[in-house]
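Two complexes follow with subunit A in common, the first pairing it with subunit B and the second with subunit C.
Our next item is the complex of A and B:
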């Protein structure tokens, strides 16, 4: 069975931050293909006249803009691997030369 | 050598935090400046099984922004997951809107007459904040994670840093007036990314570069100026411009390439399965439309045409919605023709007082004195009870205590002396002290009377009505023939 090419497997792995080498990618390609093939079984279902949906419920629940208590900091940060003075410590997210800045995307 | 005329093409993406009490999908407070990670819960820290519930008020404010900017509201919209890995994004995805934003179109007409079109506005949640230590660690604060944002995207309609700046100023004014956001860039409530390219006149557009990390209007201008120069220099040297994301470095005043990892653009959007589509019903739209204030630009025009104020005064009064609202409430409580006097008291006394150290309040609405009291004070100058100069001393007291102007006038002894007998006595002694004034006035020099008026005003401690003094002096000079 033909699978996705090695580059696509490597790209997908990179996006998921998974370490996969070229050899593993060659093994994974056909396995991906088998899994995707299995999903095609679903397309055999007759959905004529059925509204497509991507959510479990179609009734939107909303809440009023009232503050509720947040969780005690220790209950959350305390369970993280590297709590630092109330912050979550994580491995440095940007190279050293960018020191001092505030990273992030939005 | 014929110089090429380079034309810049600029578009802006502006993130604006909505002024809600709570976050977009949980009840944690939306508040700047709290201790790190004290405003978080299972939802906004992305714990397994936690489910988002939409904050209705956040959506209402987003709608109001769209209405204020003349956008077309979609009958329904939906949320999508934007997937990327970064330490400030606990779920591994941001809940945003991709192919069904809640509105599209609209725009802002700048003071220059230039119209800048909006492509769309969508809602999304903010990420947390990552602080990179000097060592090998990054520290993450998730208080901001989940704060409601609207991201507005313009068409590439601007051609200079001045236009981009004017657009941002106008956008901020509109959003502030509509009560959508405080738009405080220092707190990160308003953040801006710039898309920019340059091309020779009469040639097609070239590669665009995105600049991030712009946290002040000044930096937006500086970054655009720098980037226009950098791109032109590259093209003129025969080099190419790469399509990339650059960061502005405010210390060096230049832009530089972002790490390639952060350039990753494959966000693999898919519909957020935990949130059903959001419908907009007509009643909600009408209610929000009703809450829209008159825009600042229209108020400025009205102050000039209906109230006869100068362009400068109208500009100062509308610089903040709170000031304009205060002024209008005072005008409504006053007689016609007092707008200029009210303006002078507001701009010269109230705003100056707020800017100084003596007054605790930081906005005009927080002052203890209220618009109707300012109207009462101006009425006291109009009926001659006090002079305009005395009114200024009174308003300085009013803004500290909120006491009534009539009471303060009595207490400070500022009532003008209307007692004609007393005024005549002061005038007689002034003329006796300066008999030469009588001759001068008889000789046609009316201005000479000023010397006596000064003496009378001094004798009365500034409480004599200047017009009454003048009339009395002239009458006494005539009678002394």
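Our next item is the complex of A and C:
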């Protein structure tokens, strides 16, 4: 246990896929806590029956449903760190049965 | 500096069409200024000299029979580094997108090019537009051209500095919670955030999708109208874009006789900087002189706007930035070699501290068990803030207030205190949450440490009344006279 602020940062970092280490969490923890404390002013307000606003446009627009050319595949995949034969290369996600662990390239 | 560098875009285009200079000469002057003044300020992340000159030469080669020249014919422009220009880097000021090149043109970039504008480069910004001082870029800070020991504001600080220093007459930024209006105020330029949906976001790299709007900087009110006339209008590639024709480019400034201007007491707190207060009051007096009637209005939920904004914006950011996973974009760190390890290590190495902090906040306020108390609550308070404005616009046509509670602050002054930094946005976030059009117009200056620092007056309009806000901004700017080019105080010559 590192204290509630630091633990909260570490738990949230895992959800956000951020590799925050304990030292970084000790810096971020107090900032995180100070910001949440500042946000607490919202609890003063009674919002019972008030509709939430998520998008302010009155209505979302739709366009004519017609076939159009797509973005060139190479232009998109070529920007990736590991383009392979028109696909995105990633580390193996499902372990090999005989290896019994993670890791290795797909 | 040539005399053309003090020209606004409207005058520069006219000079090019009159044959006083070529588009190539205008572009060359902008590129040279980007190299000298731009480098001293850290305004640009990338300058596209060859491509810009090629575009300018192509414009010069056009025959007179090629039809009506575009509204920005031959005008050099700068784009914030979160905007897609096909083939050009758009790093968003982040290591995680270092080396990534846009595969297509944003809708607003396509429209700028069609109008004859010449993009010269990508401007510095707080990483992923998260910041109010341009100090969160992974590639160095941008300095304020009025006093280089101070920030230009943010997040679109590079675009603001480039326009203020006379490098380009107009530049685009993006405004999510004030990221164009606040730097416009701190750098002494005009800036305009349109009604949410007025400009397509297709090709603007997302931060807070329900708030982000492409927004121009300029040194004249007529230029703001001109660039908005080019980039606004319906677009089938963004479902939140309003189904309406482009805004008109008006031939003359608006007559303000009888215009009802509301002044909200909530924007003039007792601790407001005295120099800001007197400059803004002088600006309001100027509106009165132009024939406007000034009334008091109330916006009682203003004090809840900062927490509401930072809950909503970080929630949207945590979702938008989930896509940077080491698979599709530019950079990857190996980590422990597993897929999950690669994703976490890439994000750890690629994102800066402020971005991580906001992703954490956004993830937290959306997480199971906390969602209703934070995101749910903030979405409802957002409705109350929007209703305040609706009530006020039943009584007045436009609201006038400060853009920023203080003038440009020193580099490093707020970097260790995120809450103090967030409070820099206190006067710009309410209009963002309500999706309203709002401009910042220079209204005077104050002196700090022997240097003159500009002050901005904010004009907020009712939803979709972009033309009204632009007309009022233009009338105020023209009454006050030409906007001065910043003197680059403290910069090495």
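Quick note on the criterion: the second predicted complex is superposed on the first by the 71 of 106 C-alpha atoms of A that agree within 3 Å, B and C clash if a C-alpha of one lies under 4 Å from a C-alpha of the other, contacts with A are read in each partner's own complex, and residues count from 1 in each chain.
Just so we're on the same page, a contact is a pair of C-beta atoms (placed from the backbone, for glycine too) under 8 Å apart; a residue touches a chain by one contact, two chains touch by 3 or more.
This is a predicted model, so every value here is computed, not measured.
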item: Subunit B versus subunit C as contact partner of A:47, first or second or both or neither; value: second
item: First (subunit B), second (subunit C), both or neither touched by A:71; value: both
item: First, second, both or neither for A:57, with subunit B first and subunit C second; value: both
item: Contacts of A:84 with subunit B and subunit C, given as first, second, both or neither; value: first
item: Residues of subunit A contacting subunit B in one complex and subunit C in the other; value: 15, 17, 54-57, 60-64, 71, 76, 82, 88, 90-93, 102-104
item: Touching residues on subunit C, where the partner in the complex is subunit A; value: 100-101, 103-104, 196-197, 210, 234, 236-243, 301, 303-304, 306-308, 310-311, 318, 322, 325-332, 335-345, 347-348, 351, 353, 356-357, 359-361, 363-364, 367, 374, 376-384, 386, 418-419, 422, 433-435, 463
item: Interface residues, subunit A side, partner subunit B - complex; value: 11, 15, 17, 54-71, 73, 76-77, 82, 84-95, 98-106
item: Residues of subunit A touching subunit C in the complex; value: 8-9, 12-13, 15-20, 28, 31-32, 34-36, 38-43, 45, 47, 50-57, 60-64, 71-72, 75-76, 79-82, 88, 90-93, 102-104
item: Contact set on subunit B toward subunit A in their complex; value: 15, 20-22, 26-29, 35-42, 45, 53-59, 78, 83-89, 94, 124, 126-142, 149, 151, 191, 213, 247, 259, 262, 264, 266, 268, 270-279
